[in-house]
Amino acid sequence: MRINPRAEQAFVRAVLWTLTAITVLILVYIIVFVLRKGIPALSWDFLTKNPVDMGKGGGIFSTIVATIVLTAGAILIAAPLGVGTAIYLTEYTWEGPVTRIIRFGAECLAGIPSIIFGLFGFILFVTKLRFGWSILSGSLTLAFMILPTIIRTSEEAIKSVPPVYRTVSFSLGGTKWQTVTRVVVPSALPGIVTGVILSVGRSIGETAAVIFTAGSALRLPTSIFSSSRTMSVHFYILAREGISMPNAYGTAAVLIIAILAINLLTYYLMNRFIKKYS
Amino acid sequence: MDGTAKKRSGTRLERNDRLVRLALLVVAFSAVSVLLVITVFIVGQGTPIMFRYGLKSFLTGTRWYPSENLFGLWPMIVGSLYVTVGAMVLGVPFGLSCAIVLTEFSSKRLRSIIKPVIELLAGIPSVVYGFMGVVILVPFIRETFGGPGLSVLAAAIILGIMILPTIISISVDALQAVPPTYREGSIALGATKWQTVKMVLLPAARSGIIASIILGMGRAIGETMAVIMIAGNAAKVPGSLLDPVRTLTSNIALEMGYAAGEHRQALFATGVILFIIIMVLNTVANVTASRMKGAKK
Amino acid sequence: MTNDIAIEVRGFSQFFGQVRKLKALDLDVRRNEIFGIIGPARSGKSTFLCALNRLNDLVRGSCHEGTIRIEGRDIYEPGVDVVALRRQLGMVFATPVPLPRSIFENVAFGARRAGIRGRARLDSLVRDSLEKGGLWEEVKDRLDTSGLKLSGGQQQRLCLARILAVAPEFILLDEPTSGLDPISTMKIEESLRRLKKEYTIVLVTNNTKQAARVADRTAFFLNGELVEVGPTAKIFTAPDDTRTDDYLRGRFG
């Protein structure tokens, strides 16, 4: 029996659209649910006071600070390494065994689950190097987690700089280094910054790697050797131990709003720079 | 080329450039070095106990009682397998449907709304997904199907949802990479849109779609926090979908906080197994992805 | 070497890997002349131009035979400052490529790389260069706007001004007006006629009429070889080589 193609298409379309609608609805529901339950818990006090009584009361200020510091540390380490790698791969060498090895390394690193990074960070930074549970250990571990993303996005950004720009710079008497720093990197900056911002978003939500390296102390961090708890770790502990549901929702809401803001910022930047340079 | 051919000469500035090149080479190897160090450490900490204990009993032993020095990983291996397969069964059809709808059946405007939403959802922390599972899904399962609710089913569903953005975005890329001439040719022959998708586009984008599935699998296997919150974490081979389960990842995360001595080494050994599985998956994904890129040329 | 020969090329061949793009060229370029190079596509005209400022060195696997002497000095001698050489021979490309920055910054780019600092110095340098390039009047009020916003012809004159800012002795132009409208083309040709008093100009062009209008002497390249060179009038009316004649009559190319 031959199925009428038009009927088949109508049927399949219905199925596909249903599945898609379910998907989108589920995903949207999650955000809406968390925000609805979490926003009521938000207040100026919530954001600016430290947790009290293991998190049952008070706010999440110390976790916000910890998250910012940890992420900033990770970016400070990973961005130079990542952009430098991308510059090397595109400007200073040609495709060959060396670049393949470097790329393979970055790809593999990208696929390693966060718990393994947590293990690694724990055994190397916390234990062997004696940094202890600290912002330092956490930042280093996070930095290596986001390194592949920064390498990939920076490489794409640098590759999309028109080759003529380089030729023009050379013909005006620029050295290779001047060409790279004055022409190529500035032109690639929007793409590079986007990659960095994406990595920030990822670091904020990271839990498994952080909990085993930065620890979970609730105090405000005083130095890079302090242990400290980030928002996502705080959320996890609140939720898992059932300490305070409203506060848990509140923390989750802050997390999601932050990530939403970061995504919006990324879109805004990309659009603005596309307009500027085309 | 004659023997009188000359090469270009070096100048002071070129020597400086060579230094910069060397410095950048060192930097560029940072990713590789980190990978090596991670491998060395994890393997170094984990393999001795695997061989001391006996590789076979480590992998196939069904009892994991650290206090009695019993380290049988089989329940966790099975656990990871069940949960991952479950996640794929749920995530792939939904994800692929979404990808197809996004690229072939929706208007530009709709696409510009849905795509950012999906990208946003890729950024939601796994703990939030896990939390949603605990608060909504687990009670639902408990009431509707019985059992503790913390189960393989719960984990599979949540993981399936979590890998949707991965599968969708990579499959969308793969479908969009199919040259427009394929579509035009098929329509010109009188095929409907769906026939075009089924018989032309999906086969053409096959490598990319498979890569997305494998990457989704990798993400599902590596997921820790969400699974801990909803899977029950009983170190026993689950008998049904409704039984609690522990994965390789949760095994590590749950006990790392207080493990010492041999116990800790056993956890590292779990990490080694996990590491190997992920490496294999990643290599396969990369090979299929590069075949996709290669076929494009 | 006689005093009025600025560029002396002897037996020069350029290789990229195993491929020989230029075959044993022998020619002279006189000071303060406009030296035109014509020929069909892929005849090596651009490759020759890029050999003069050693831009070919940037291509992996490039090497050469023979010599090129500029103002008496072998440019491939060890110890030659390639960066300074490239400033000495300013190059204008076929597609105008303003850098993605302001008009002022575009013109100042090369000068800054050469170490010239100081706002006052740069200001007067930029103004001079734009005047010489024939663009000053049109942009003097908007030096801070992006160079990308100019029209094609203006962009090309900007590129001209850009190289003039580094005070070259030579101006190399690779099909500079091929994408431009007739008026912009005319403006650029006018600038070249003015500029030849101070500079030596080598002009590669696909447009034989342009060479006839502007060049003092013209060379005809074919397949990487120099077929013929001589005063423009002679090349165009009574060439020695039949291949030159065929090309000019449009029988090929």
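The chains carry the letters A, B and C, assigned in the order they are written, with residues numbered from 1 in each.
Here, a contact is a pair of C-beta atoms (placed from the backbone, for glycine too) under 8 Å apart; a residue touches a chain by one contact, two chains touch by 3 or more.
Because the structure is predicted, anything quoted here is derived from the model rather than measured.
Q: Would you identify the chain whose C-alpha centroid lies closest to the centroid of all protein C-alpha atoms displayed?
A: A
Q: Among all chains, whose Cα centre is located farthest from the one for chain B?
A: Looking at centroid distances, C is the chain farthest away.
Q: Can you check how far apart chain A and chain C are, centre to centre, with Cα atoms defining each centre and the answer in Å?
A: Once rounded, the distance between the two centres reads 48 Å.
Q: Express in whole angstrom the distance between the two chain centres, defined as the mean CA positions of chain A and chain B.
A: 17
Q: Round to the nearest whole Å and give the separation of the Cα centres of chain B and chain C.
A: Chain centres of chain B and chain C, defined by C-alpha means, are spaced 55 Å apart.
Q: List, in ascending order, every residue of chain A touching at least 2 other chains.
A: Expected reply: 175.
Q: Which positions in chain C are in touch with at least two other chains?
A: Correct list: 83.
Q: Show the residues in chain B shared as contacts by 2 or more other chains, in ascending order.
A: Residues 13 of chain B each touch two or more of the other chains.
Q: If we count contacts the way the header does, which residues on chain C are in touch with chain A in the complex?
A: Within the complex, chain C touches chain A at residues 53, 55, 58, 60, 83-84, 86-87, 90-91, 93, 95, 97, 99-100, 109-110, 113-114, 146, 148, 159, 162-163, 166.
Q: State the interface residues of chain A toward chain C in the complex, per the touch definition above.
A: Chain A reaches chain C through residues 94, 162, 164-165, 167-175, 178, 182-183, 186-187, 276-277.
Q: Can you list the chain A residues touching chain B in their complex?
A: Those residues of chain A that touch chain B are 5-6, 8-9, 12-13, 15-17, 19-20, 22-24, 26-28, 30-31, 33-34, 80-81, 84-85, 87-89, 92-93, 98, 101-102, 104-109, 111-120, 122-124, 144, 147-148, 151, 175-177, 201-202, 204-208, 212, 232, 235-236, 239-240, 248, 252, 255-256, 259-260, 262-263, 267.
Q: Inside the complex, what are the residues of chain B that reach chain A?
A: 13, 16-17, 20-21, 24-25, 27-38, 41-42, 45, 93-95, 97-98, 100-102, 105, 114, 116-121, 123-132, 134, 136, 161, 164, 191-195, 215, 218, 221-225, 228-229, 249, 252-253, 256-257, 267-268, 271, 274-275, 278-279, 281-282, 285-286
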